[in-house]
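Paired with chain B in one complex and with chain C in the other, chain A is shared by the two complexes that follow.
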Partner chain A sequence: MSRVVADMTKCQGYANCVVTAPDHFDLGEDGKVRVLSQALADDQLTVVREAIDACPVAALRLEAP
Partner chain B sequence: MSGDRVLIAGASLAGLRTAQALRRTGFSGSITMVGKELHAPYDRPPLSKEVLTKDVSASQVILCSTDDLRGQGIDLITGVEITDVDLSDRTVTCSDGNSRGFTELVAATGARPHQPFADAPRTGVFTLRTLQDALSLRSALAKAHNVVIIGAGFIGLEIASAARSLGGHVTVLEAAPAPLARSLPTAVARAVTSLATRSGVDVRCDAKVIGFTRQVDELRGVCLADGTVLAADVAVVGVGVQPCVGWLEAAGAPVDRMGLLCDATGRALEHQHLWGVGDACAWLGADGIARRHEHWTTIGDQAKVVAQNLTHRSRRQLTSAPYAWSDQFGHKIHIIGEANDADEVRILSREPTTLTAMFARQGHLTGACIVDQAPLALKLRRWIASSTPVCDIPPWQHSAA
Partner chain C sequence: MTTLQEIRERYDFPDDDAIIAGLDNGATLPVEFYTAPEFHDLEQELIFSRTWQYACHESVLAKPGDYAVTKAGRTPIIITHGRDGQLHGMVNVCRHRLHSLAEENGNKPLLQCPYHGWTYDLNGQLKTAPRSNREPNFDCSTISLERVSVERWDQWVFVNPDPNARPLSEVIGEIKPRTDEINNDLREYEFKVRYEYDMACNWKIWAENAVECYHCPTLHKSSFGKSYDVGPDDYELASGDNTIYHKGPLKWIPGDVDLAGLKGFRFAFTFPSSFFALDDYVGFIGTIVPTTLNRSFAFVDMFAKPGADETVVKEWLDMWDRTLQEDEQATAIQQIGYESGRVRAGRLMLDSESPLQAFMKACHRSLIGGA
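Then we have the complex of A and B:
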């Protein structure tokens, strides 16, 4: 399974990932991203890729299995 | 469908996101992007921020390399402009002399900075849109003592922030009575600009620029209508943009001063095979009013809608609230939804570093402008996207009219 990983040093809390893929991301009280489910089934990849592209500072990336 | 040929005019964020969204939604025909600039698609928000102050190279702002695009089945042609389009024959003529056919055309040609000063000195007066503009401005700012920004919009204030952090004396001139007048109500705009004034930037409204002083062809000063002359070794003109749609207008496409007019599904009005994404176009809202949102986030949202509708003959519309941000003077300003057509404004905090302003129309939340406070910004985006009644919004209830 692919995994989605967040770089907390890059995250600035734009929350575009949360708006794009609310089942996969949330924002903590500190204003930084929370990845809700790291491991991704194949049918979840499209929306997660959209969320990755929606990040203005490229703080999210997909790791191949 | 595999015989379909999508031609995307423009190879910046709007073109790239459209091409990627087409592949993700299952479009199996050919995709060709034609871009005027020589670079692969790159990201513009950093150009008015870290590119001006840090040693950021071109490769660090590239969004997707030509090889990566090829891997996704997307052809990129750079350094080429579309000069003519025939919408009934469905062909374009390009500046490289080639004609290219298409079954669907996406206009993603963006906008160019408005520069109303025809007689500006050759050296020292800048606009900012392209990577090359940013690199030229960076080297000028590094040596500048007196920087004058013409136009107190978000881009002007971001450049002011960068210039101030480099130690220059910075003045922002706005011809209108208030800053940020296109985006925000006056009281909110003044709170935002006090981030600049607190950092030592001189922000002057009702300041109309009438010309420049120069030595040979090098900028020395900026002249105002009231007779003031401000010393300047760098001036940046940030007074809005004009959509790059001349090529479409000549072909009879529905174009006005806002750009290519599209319906709420991204299709050009009365044209079956023409679509618009990004700063070159204005989409009709649910209220029938055409709006151009020059927002990074909106471009990605539009690209997904157009890709879906083009591929599956569906009629999807945007569902998210417009969202933009501006990084200045150590703070992030979130601008959500619409502010200008509000009939009620509530301000929870006027303190610039915790500014929280909300806008409503007919009892429903339509927009907000807040500084930092990312978790609240997210809540506001959700409330605004679903047009939540203000009686259901706690911060609205706790704020003064």
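Then we have the complex of A and C:
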């Protein structure tokens, strides 16, 4: 199962991921990304890839199983 | 802001006592109220910035994350269904560079400005601003969207740009027993279509047209006036300080329909510009937005009773569109008459046009600074 991982040193709180894939990402109290569930089923990959592509500072990445 | 008194000194129309006496005796407001450019700003400030106006049906905001955009006067507004289950009304203007947060209704967990990405929670609190960690002393917790008031009137969501507005339930208390009945009947009606009208008249001319039915037997002789009894002994009118009510029986329906037992037409208007109505087949709700001094925009959401005769519903939706187009044409022609300046005030027929007097008094009361 693929996993989505956030690099908190890169996250600038653009929130594009939250707006693109609200079931997978949220903002924490610090204004940075929170990954709601790291493990992804195959049918969740498309929207999560869109969220990864939407991040202006490349703070999100997909790790293969 | 230019005051009513300053406008009066510029155009030399009657003083407030004379205007009130005139209204009591059946005169209309002086024509300058419809033609002097200063009135547009004055009305935005004293009327549309502090009154309740229709925004949307509650179904648009049914679940957390739902948001609806609307305008009350010139205030862009966004209403959200928060994660706390409550409706929140905010000015739809980002605190960064004043772009809107959204231009269309939708569902999102956060409100992200599409311009630079400032992101607010559904309560309007700024949560994050890109690169804010590079700004000394930048604190998101001190920044939030400006608030407006939002309240439900049964299934309808109303907004008031004033964050400290007098509660809608108080403003409409005088008409509530009647609208309880209307909204209870309307609750099951299903949304069909939104009609929009861009009108070449001052907003008051269109609102005045909406609140009287003296014109129905002539202007609407083949539309509204053909469908309902609009004579003075059949058509009921009632006016309060902020609201107006009409009720008229059905007299003609397409096809072979028995009229016995039908409730007929009922209409409710709340100052300054929102209205809803229904009969046994269709219902509608709408509002008027002043665009400029001599242009107005109106939208009307049309609903139909489930299971009602489809032929009648189709004919009725069309009848209402024809009626509203007839109003649009008449009010544009009135605007020309007002701008001629040759008639300083009209003369009302108070037995039939008493709601007009109430509407004009509410306008005047607002413009001299009263609630």
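Keep this in mind: the second predicted complex is superposed on the first by the 65 of 65 C-alpha atoms of A that agree within 3 Å, B and C clash if a C-alpha of one lies under 4 Å from a C-alpha of the other, contacts with A are read in each partner's own complex, and residues count from 1 in each chain.
As a convention for this text, a contact is a pair of C-beta atoms (placed from the backbone, for glycine too) under 8 Å apart; a residue touches a chain by one contact, two chains touch by 3 or more.
Keep in mind it's a predicted model, so treat the numbers as computed, not measured.
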Look at A:Arg49 in the shared chain and tell me whether it touches chain B only, chain C only, both, or neither; answer first, second, both or neither. first
Of chain B and chain C, the partner touching more residues of chain A is B
Going by the contact rule set out at the top, does A:Val18 touch chain B (first), chain C (second), both, or neither? both
Touch check for A:Val35: first (chain B), second (chain C), both, or neither? neither
With the touch criterion stated at the top, can you tell me which chain A residues are shared between the chain B interface and the chain C interface? 12-16, 18-19, 27, 31-32, 56
Given the complex with chain C, which residues does chain A contribute to the contact? 12-16, 18-19, 22, 26-27, 31-32, 56
Tell me, which parts of chain A touch chain B in their complex? 12-16, 18-19, 27-29, 31-32, 46, 49-50, 53-54, 56
Using the touch rule from the top, collect the residues of chain B that touch chain A in their complex. 17, 20-21, 24, 45, 296-297, 300, 304, 320, 323, 325, 332, 372-375, 377-378, 381-382, 385
Under the stated contact criterion, what part of chain C meets chain A in this complex? 65, 108-110, 112, 117, 119, 127-133, 140
